[in-house]
Amino acid sequence: MQIVFIPALSPLALGVIRKIKAAFQNRKGASVLQPYRDIWKLLHKDEVISSDASWVFRFAPLAVFSITLVVGASVPVFASFLANDVTSDILVIVYLMASATFFVALAGMDTGSAFGGFGSSREVTVAALAEGGLILSLLTVALMSGTSNVFAIAQTISSADLASLLPAFFAFAGFFVVLLAENKRFPFDNPSTHLELTMIHEAMILEYSGKRLALIEWASANKLMIFIALGANLFFPWGIAHDAGVMAIAFAIIAFAAKALALCMSVAVVESTIAKLRFFRLPDLLFVSFILSVIAIGLI
Amino acid sequence: MTDIILSSYGFFALIASFALGAVGALALRKSDALANAWSSVFAVLGSAWGIAYALSAFGAVRAPEYVIETSSLFPLLSVSFSVDKLSAFFIFIISLIALLCSIYGAGYVKHFYKKYNIGSLGFFYNFFIAGMLLVVSAANALVFLIAWEIMSVASYFLVVYERNDHRNVRAGFLYFVMTHIGTAFILLSFLLMYKFTGSFQFETIAANIASIPPFAANAVFLLALAGFGTKAGIIPLHIWLPDAHPAAPSHVSALMSGVMIKTGIYMMIKIFLDVFTDVPLWWGLMVLVVGAVSSLLGVLYALTEHDLKRLLAYHSIENIGIILLGLGSAMVFSSEGMLPLATLGVVAALFHTLNHATFKSLLFLSAGAVVSSTHTRNIEEYGGLIKRMPQTAFFFLIGSMAISALPPFNGFFSEWLTFQALFGGILSLPGAASWIFVLAVGALALTGGLALACFVKAVGAVFLARPRSEEALHAKEASFSMRTGMAVLALLALAFGVFSGSVSSTIGKVVRDIGAFGATELPLAASSLQQISVQNSFASASAPAITMMFLVAACVAALVLRAVYPKQKIVVGETWDCGTSPTPRAEITATAFSRSIIMIFKGILKPTKQTGIEYRDATARYFPKTRTITLGIHDVYRTYLYEPLQVALTKFSERVKTIQSGNINAYVLYIFVALLVLLAYVIF
Amino acid sequence: MTLHMENLFIQLLIVIMFLAAVFLHVVKKNSTAAFLYCAQSSAMALILLIASIEAGSRPLLFVALATFVVKTLTAPLFFAHLIRRHQLKFSASTYLNVPLTLIAVAALTALTHSHVFASLTALGDGREGMLSLALAMMLISLFLIVNRKGAISQMIGILSLENSIVAFAVFAGLEQASGLQMGIMFDILVWVVVATVFTSMMYKQFGSLDVTAMRRLKE
């Protein structure tokens, strides 16, 4: 059941972030349901595929979307009892996301356009440098709870006392930076830019249209939702349902919605207040994330 | 049945098959096709027999030993071979990869007909494989050295096989020198061990290990690390690898990169964990640090390369670093008495050895198909090959996914196990050691990410987009035997990943056979559904589950998509390039792709850039005619380590040369003085 | 070995050999050097003859006669032929001048007579003096090779080295050993070979027998 939860709600998260950004800019902004309408529209459009593209280009959106579905089913959203021993390992999650990056980057190079090429180049650079911070921040909470299964981590940390959670805060700070990096948010990338030379993620998917573009957009929304779910439930897992009682689940859903909203708000605040950094300054920021996680491990 | 296979006839048949192949190929050298066929058939037969042999040796209760009595002629040299489980594992890897490379080679070697002597290729190729098999089964240090030399010399001749290109000859010379420097270190370490334990037999040395004083043991460790590390390709002893591996014919490069450098790892495991059962802490930490540094620097240098085979060679260095991470962590755990975690480390190292052999050979074989089809190794001249060589592209893609550790391929699972070993270290080790493990985890994570970047570049620039040269435009798909070899390897990459549970438990049996571990319980359990769980479920993962979920999700999503707008029209058009027609020059090149990473790491890589400009009118310099930019990467090791050494050595040699004055009187004077001195010494 | 009967005569012979070796350092003309060598070889042959008579052994007698024939009779003829053909009247200069050479010779003799070589000379019981003289002769001959630049002098140096080794062996009581006898025969054979073949080859190749001209041995 969780496997449809994330795809169903991810466009909503996108919509919320855009709405908050609009509020900062003194606009009314589009409705929070607009991303759903965008996906619907794209699904009903015809496609143009480049003559230079190969099967990689055609297959990549499906692969990426399916990967986000698989990972979505493996992260704790509102219940920690839906434990999954087989795909919920932190490394499995990280490397599955890396496979998604792999395919999108290849698709960006496949059409032979200049923008796609350098978009892929920048994307894999950022992804390569972010992976260290991501693994180490997830490792911190894993070490704190004695297991690397994300459900079990959520379970353990929600019942731990507050005093021992200091490392989790540092790790969360590192994780948040990686969240911004992997989901093409400021200060790494501007998701709503129309200037190709400033794009990272958008540049790779410039050639997509129609259903495939819908899948890719949806997949990146899923990815954002997955990161929000991980951030909310691994580092601040209170409110998560430990058993299958209806009240517990309802409470957990509300708790998750609140945490997700808080995270979306912080993303929106960051996007509205900080300017996008120059590309060669991004490694410094990612290195900061890495160091924060190392400090977190040291504090355990 | 297994008795026959494991008897000395069986072992002899194994080596004899390659020897026959070698000699026969040389005898048939006048006819290219016959020599190729003869050598391939015997190599395939020998490798298949080797796989059968390894599997039976694996199940044997006692390690089979073969001794040829020569103690009357050479008292120190007893020609004895012993195939314990570790050797059986390596024989399996060697035979498997040799089998597939020989199948590939049967078709690939056709490119050398009429240009070079096929008979000598077959001769050296078979001796090379035989040498490797002898190296991993030798039970006596002297036999080991003889087999090591056979392996090195045969591979030297293979490296310089395409001798019309002088770069290959230079690469071969460098390889020859470096491998003999390594052999010198190895020899010294064996001699030290002999001095204290009185024997060259590995078993005897292991039994008398306590008689080696700590100072000598440390010296043995450093010498062995340097010597075997030269063969394995650790930084900074790696300079031969990026030159030698590309110079050899592709099926030989696959063997060298996938298997030969692993013989260095085999001996390291044997000496550090089997012979020396009680190692000091700093040994393991040093191996760990060497592994981390090699993996990081290997992948960074790979990113700078735009010669396809050099790129793959640097990735071998990176993966050797990862293997050493596993081995180093095992040594650290072993010295702290945490044997279960130590076995986990060795399982990770051995699994990665197997996996790397598989996917690196696959990558080299497909690279070889591309290179022989386009007659260039420069990535910048490829492009669009996925349309012209679709199957090769597919196999290369699988190899790239495996090496970038993407699930469900095998690379992911061995890196996963390595990570688990490192995590175990962070959890259980005291103080400074656990910080080194944290940094090792960071290094491994960064390496994984950079490897992914590098292979996106490789796959993208080689196969995707538009062709950037005439040869790429007219490239043809590889021949059937070449595709067969690659296909089986790709299948194995997937299979070792999906069945990683059984594979890791099997490797666990190998590990328990190693001297330091005895019958320790593995902290690793694999369920019948191939789910690996480590240390009472600190972590668990299952390959088939991941694959199944992915396939199910993909099918469902595809079906839903089809249902949503069934009448969608798909039109094929040109790539949008701001209104102009896109040319091959619009695509990103391999150099440009990795430029960002190179600039980020410029402190380590030290890139150089020179620009030149030519104007239409030299006096009024307004309108440029051409601009040239030369980007270079400085080989740091050559300039700062090897060249000063070489200069010092040459200067010293020049000084010493003055003894040889050409004057007879001087020579007799030397004799005279020596005579007097010796007489005085003896009498006193 | 019982060489005590003609002890005085033997001592005289060995002194002749020793003096010949020493004077070889001093002479300037090649013909004088050849003559000295001839004298040394005759003394050697006489010693061997006496030893063979004493021991009553035929092989030794044969060896003595062979030595006499080759080294004393044929040698001067050969050297004379060589000198005449190549016009080598004077041997080339030496590295050290004459006084220094003689000092070196004296030093070497003192060395062998000192306690440094005591254990070696103790081999010949009762005849230490003669053994140390033989040893001194060896070292002096070697020094001749080092010091001289002309190939003829060096050849003669080698040959007198052979003589001194034989003398040493005889006095150490080894003359019965078949090894010694075979060694001497072989040595004579080598003499013949060296003398005829190599000298002409060397001269043909280098144009002179001055060893300092033979620097570029590779050509």
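Order of writing sets the labels: A, B and C. Residues in every chain begin at 1.
Convention: a residue touches a chain if its C-beta (ideal position, glycine included) is under 8 Å from a C-beta of that chain, and two chains touch if they have at least 3 such contacts.
Just so we're clear, the structure is a prediction, and the values are computed from it rather than from any experiment.
More contacting C-beta pairs link the chains of A-B than the other of the two pairs A-B and B-C.
Distance from chain A peaks, on a Cα-centroid basis, for C. With centres defined as mean CA coordinates, chain C is found 98 Å away from chain A. Our note on geometry: chain A versus chain B, Cα centroid distance of 36 Å, whole angstroms.
Work out the mean CA point of chain B and of chain C, and you get 65 Å between them.
Of all residues in chain B, none touches two or more other chains. Along chain C, no residue makes contact with two or more other chains. Chain B meets chain A in the complex at residues 383-384, 386-387, 393, 397, 401, 404-407, 412, 416, 419, 423, 426-427, 435, 438, 441-442, 445-446, 448-450, 452-453, 455-457, 459-461, 463-466, 531, 533, 537-542, 545-546, 549-550, 553-554, 557-558, 561, 564-565, 568-577, 582, 584, 586-588, 592-597, 599-600. Contact residues of chain C toward chain B in the complex are 95, 111, 116-120, 139, 142-143, 145-149, 154, 211-212, 214-217. In the complex of the two chains, the chain B residues touching chain C come out as 661-665, 668-669, 671-672, 675-676, 679-680, 683. On chain A, the positions that touch chain B within their shared complex are 3, 43-56, 62-63, 65-67, 69-70, 73, 85-87, 89-92, 95-96, 98-99, 101-102, 105-106, 109-114, 116-118, 120-122, 124-125, 127-132, 134-136, 139, 142-143, 146-149, 206-207, 210-211, 215, 279-280, 283, 290, 294, 297-298.
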